[in-house]
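Next up, some structures in structure tokens.
Here chain A shows up in two complexes: once beside chain B, once beside chain C.
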Partner chain A sequence: MNTRPIVAASPEALQIVTFDAAMEARIAELLPRYPTRRAAILPVLWLCQERFGWISPGVVAAVAARLGEAPAFVEGVVSFYTMYQTAPPARYVLQVCTTLSCAWCGGRELVAHLKERLGISFGEITPDGTFQLVGVQCLGACGQAPVIQINDDYYENLDIAKLDAILDELAGRS
Partner chain B sequence: MEPVLLRARGVPDSRSIATYLAAGGYEGWKKALGMGPDAVTKEVLDSELRGRGGAGFPTGRKWSFVPKDHPGPRYLVCNADESEPGTFKDREIIEYDPHQVVEGVAIASFAIKANTAYIYIRGEFARWAKILEDAIAEARQRGFLGKNIMGSSFDLDIWVHRGAGAYICGEETALLESIEGKRGFPRLKPPFPAVVGVFGKPTVINNVETLACVPHIIVRGAAWFSSIGRPKNTGPKLFCVSGHVNRPGVFELPLGVTFREIIEEHAGGVRGGRKLKAFFPGGSSAPILTADEVDTGADFDACAAAGTMLGSGGVIVFDDTVDMVEVADNVAHFYAHESCGQCTPCREGSDWCMDILDRIVAGHGRPADPDTLLRICRFSSAGMTICPLGDAFALPISSIVNKYRSEFERRIAAATPLPQKKQPVLPWAGPRPGFGI
Partner chain C sequence: MPKLTIDGHEVEVAAGTNLIEAARAAGVAIPYFCYHPYLTVVGQCRICMVEIAGQPRLALGCATPAADGMVVKVESSERAREAREAVMEFLLANHPLDCPVCDQAGECLLQDHSMREQNSAFSTHMTETRRTFPGYERRLIGPHVVQNQNRCIHCSRCIRFTREISGTAALTYKSRGNSTFIDTFDGTAFDDPMSACAADVCPVGALTVREFRFRKRSWKLLSTPSVCPGCSIGCNIFIDHHERVVYRFTPRENPAINATWLCDHGRFLAESLNEQAYLEPQHRTGGQTVRVGWGEALAGIAAELRDAAALRVVASANLSNEELFLARELFGRHLKGEIAVPVAPGEPRKMRNGKGDWLQATDPHPNSAGARRLGINVVDGEGLSRFLYGGAGLTLILDPGAHPFLASPEALQLLRVGTTVVWARREHAAAHAATWLLPTPSLAGNEGTFTSSAGAVQRFVQAFTAPGTVHRTATGAMSPSCPTIASPWGPPGEARPLWLTLTALAHELGVPALDFASPADVFAVMARNDKAFAGLAWETLGGLQQHESFRERQHVG
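Moving on to the complex of A and B:
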């Protein structure tokens, strides 16, 4: 079982966020898809993560108010699902698959290399805020093992040299 | 065999509706609307199609459990959660042929008279969620979805609902909770979803591959479908082969081929000229098979007779360099992370197995450990838990302990006492689940 508290990273993180007209328009598109407002929680949280970068206590409060839920209920949902960021993430979140096919086809070596190159362990962020290392379970791409998901994108059939090239490229982007 | 579900793989621009229509796409949908819901269900029943999501339940039977006289809405849900380790077939279908899924969802919705369908897709598949949304928009634009479809007076909307990272949401009742906007906690059954499903209404849940078979059954007939495969195990099946093989990938083969044929012929055999040691026949929730069992038939009944499961068709291959204690440990990490925590035998049992196996791997095993593992697993199977995840960690781990016990004993014989009673942390294993990670 895995559950993560939502971090009050700074006083601003507690401030309830406001949804602008564009955001409201997208929420209005979502609501008629479901017979209850509660069912829109997951998609609205996705919109918020896209927009605000992570799910802060202030986002939880805003989502709860908009959908007529208690903040505690929304927080319970957020902490259940591993893809909602409950603390400010790095620019690039490296989600390394640690499950069977990846682990035995070079994934363990990638994990060791990443920990050494970045000087961080699972759950940590490099001091410059560029990379975050997350160990994840099977990404559903086992035929292309080993696999790493970086933000939304899949990188498959990796080895240490290919991974280094990708990280160099990402670190060089402004 | 001639590809059916993967016929579009490799075709240029295979995702567009124009390509799909040119290959006879949406003919099944037109035909189904003319047949009426009961005839559609009967055709699927006669085809003997069994669910491709894991349990192999007859699809037509599942549809017929929806109460006929139920007033008010009912729902169809397509399960695209694809989280079982070793499984990557639904992604392949969506990648090359998303309209096949849309058409299957439409026909199934019509058969159970649902006017709303949800496709639940795992959160990590952002790219494939977008592919599905684009396909749905194209189908709507051509009048295959929406109001009064092709003059039939049948209305249908399909919505894509993205998960957000939770293996358990592949379990059908957890999935329904997740659509409802809650934590993905499986529900006690009965009532079954066909009677009380999403939003409390009758709901049918089918896997992507199951639904992708449906248009072909309607167009080509139940007799054609059931001529493929073996009796009671009919039709084409996608096998995902990963691990130590020369050509990992998704292969479409009739149910009932042997695992030897899948591994040696289609996946090119064990890589590096090494020998096969063991394989999971249907994802990591299925008890492991040894190299001696490679002639087992790859179908639901043959796997059950061999004491395992065809599951999702995810074949994970290990060569003779692999340490089976470490495999058991990896499996334990997965389930300890993914247990939803509602049931004590599953939540605590998967954690205990992980702790014990980490300790054995770190060189501090104890003579009683193998039996302790078996006892924990016994407590978490055969109906002791709300959902089958309890079995899903217990059965593979106990199968590894039973079949490779000498590897455990060899390690334990060479073990040293655990220093300072401190739980060892293995450098390569996934993060240890718990609070705050």
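Moving on to the complex of A and C:
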């Protein structure tokens, strides 16, 4: 298990955003792959989320300026998609599949257990900032149901014991 | 030029015309919400569906160009009617239906369409409650625009306006699906020099104009075609008024100048038209100011004019061509006085015409071009001060708002030296230095023409007269206007347009050639004798003949 924690920049740090040379290099590498700069909004936002942990209005403004789009438009794009975080996330975002296959194979029990153990419901973050609980639709891994995605990694064929072990480890590490 | 048949009416239109405009030309109304003649076509609302003979699927009236031989059915198509009904069901599923307390009522496309199809069996399959946007029901999103998101039908007209016309791209959709709402970047103020146009284009009451909201029901308003007095671009407007109170300016379509737009600066001058600081003619003698009748005032001023050793006239680029012409002829040619029109620099303004080009102005007057074309001496502030220093005698100030210098202590001192006649409406220091003070009405109480910076001679129509207005009879004598039922509203008093007092003075002074009965008569003479107006006819000036059709369109836009 080597799920890396998200390191979210503070709102203060993301008030005014400038891209450093490393970011610029990655953006420059992305742009030629798209027919227009507007078409690159999604991947550039994604880069930013990787780098800063979330998309603040300051990040939106920087992306808009970099791509020659209106900030309002870019913010509209961000708000359309559910996978862009618009507030600082926890270190570990638990995206629990709530769709049929997982629900039948113990997903419902996992959700109940998570809510109880962490003391939060969907959309919330534990007070220590370690875990964030998000209910999602089918993660496309029904064969290994039930499934939870933690940050970028899939955890499959879970039961309560396995889940507890994972959470213990992640919590202990942090 | 494709020729087609729409609901049995044959019509020939220019290539590229869409079915909505072709139907309009044929006298058939295809309903629409998201289509706007000056915005890109997005085909979003789906209310404009029509049946085209030989095509299995219904077509969008906004996105289908007219083609030769097309047979289009709108009202006569059962399938199109059913489709429209289905769209209305969707749109109304979440609409608050609060027309009685909605300020858009009377000029709302959704309401109009509901009324038009009121006989159809509107029904709903919805059992859920309406989705709402708590906190977004009366949100001031900018200095002039109030949002009620519950009423939004997601037509994107407002967004397209800011992206395609004003260019600020300030508005956007946020979220998605059922929860989609209109917002600015990070909720910042909707700060756009043409922001109120976003409320104009909003087909429903989701965006309304703060200044106008709840001040008057739209169906009570009379719309008089006029020209914006805000700058030399000369956008075409309607003055919307009721009982002699001006409530708002709305854009009047002119593809060459303002398409269907107005800048906020010009639009919100409307309120200032209700100011009337001076109500009756006044005469200051021996340190006392007394009210006098028009007859006495005109006789007195005529006497001053006859006796004046030197006459200087400060005209104004806010005056109509007819008034400038009368001033030039009467004071310049007949009385051998000197005339100057001061022009002050103003804030930069810009306007986008129907072709998408920007028109620019830094001249805050609506008629400097007219003054120049009439050959009147146009001066700047310095020139004006030199003009006023030109020696004592009789000075006429036809409009104290002509230049800020006229309010300076220096100018006031100069005005106090000789005899000064001032025509004024709004409170002004120069009025206190006047020997004679004559009240003039606002733009709404006057009629005439302005020449725009691009050279268009445009007519503005009189919206109403002041209750005590005196008018000229055919013989030149003055009589009080027909007795009307006294109304408690509107500016009281006896203000009369400058052109009227100038013709009356011409009468007093025995210059019958200038004793005109109306600005139309003045214009006819100008059109005969002045190159700048050659070939123009009062009746057809400024596209005024289009109103009837435009009224409907303005209502829509």
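Keep this in mind: the second predicted complex is superposed on the first by the 160 of 174 C-alpha atoms of A that agree within 3 Å, B and C clash if a C-alpha of one lies under 4 Å from a C-alpha of the other, contacts with A are read in each partner's own complex, and residues count from 1 in each chain.
Simple rule for what comes next: a contact is a pair of C-beta atoms (placed from the backbone, for glycine too) under 8 Å apart; a residue touches a chain by one contact, two chains touch by 3 or more.
In this text, all values refer to a predicted model and were calculated from it rather than measured experimentally.
Would you sort A:21 into first (chain B), second (chain C), both or neither based on which partner it touches?
It touches nothing on chain B or chain C.
Looking at A:138, would you say it contacts chain B, chain C, both, or neither? Reply first, second, both or neither.
The answer is first: A:138 touches chain B but not chain C.
Looking only at contacts as defined up top, I'd like to know whether chain B or chain C touches more of chain A.
Counted on chain A, the partner with more touching residues turns out to be B.
With both complexes overlaid on chain A, does A:5 touch chain B (first), chain C (second), both or neither?
first
Who does A:57 touch here: chain B (first), chain C (second), both, or neither?
The answer is second: A:57 touches chain C but not chain B.
Check whether A:76 is in contact with chain B, with chain C, with both or with neither, and answer first, second, both or neither.
both
Output check: A:161 vs chain B and chain C. Expected answer is one of first, second, both, neither. What do you get?
A:161 sits against neither chain B nor chain C.
Please report the chain A residues shared by its interface with chain B and its interface with chain C.
76, 80
Write out the stretch or stretches of chain A touching chain C in their complex.
Residues of chain A touching chain C: 57, 60-61, 70-73, 75-76, 79-80.
Considering the complex alone, what residue numbers of chain A touch chain B?
Chain A residues touching chain B: 1-5, 33-36, 38-43, 45-46, 76-77, 80-84, 95, 98-101, 103-105, 108, 111-112, 115, 122-123, 134-145, 149, 152-154.
Chain A touches which residues of chain B in the complex?
Residues 73, 82-88, 90-91, 122-127, 157, 159, 161-167, 178-184, 199, 240-244, 248-250, 280, 284, 314, 316, 318, 322, 327, 330-331, 333-334, 336-341, 347, 351, 427-431, 433-437 of chain B touch chain A in their complex.
Can you tell me which positions in chain C touch chain A when the two form their complex?
Residues of chain C touching chain A: 163, 168-176, 183-186.
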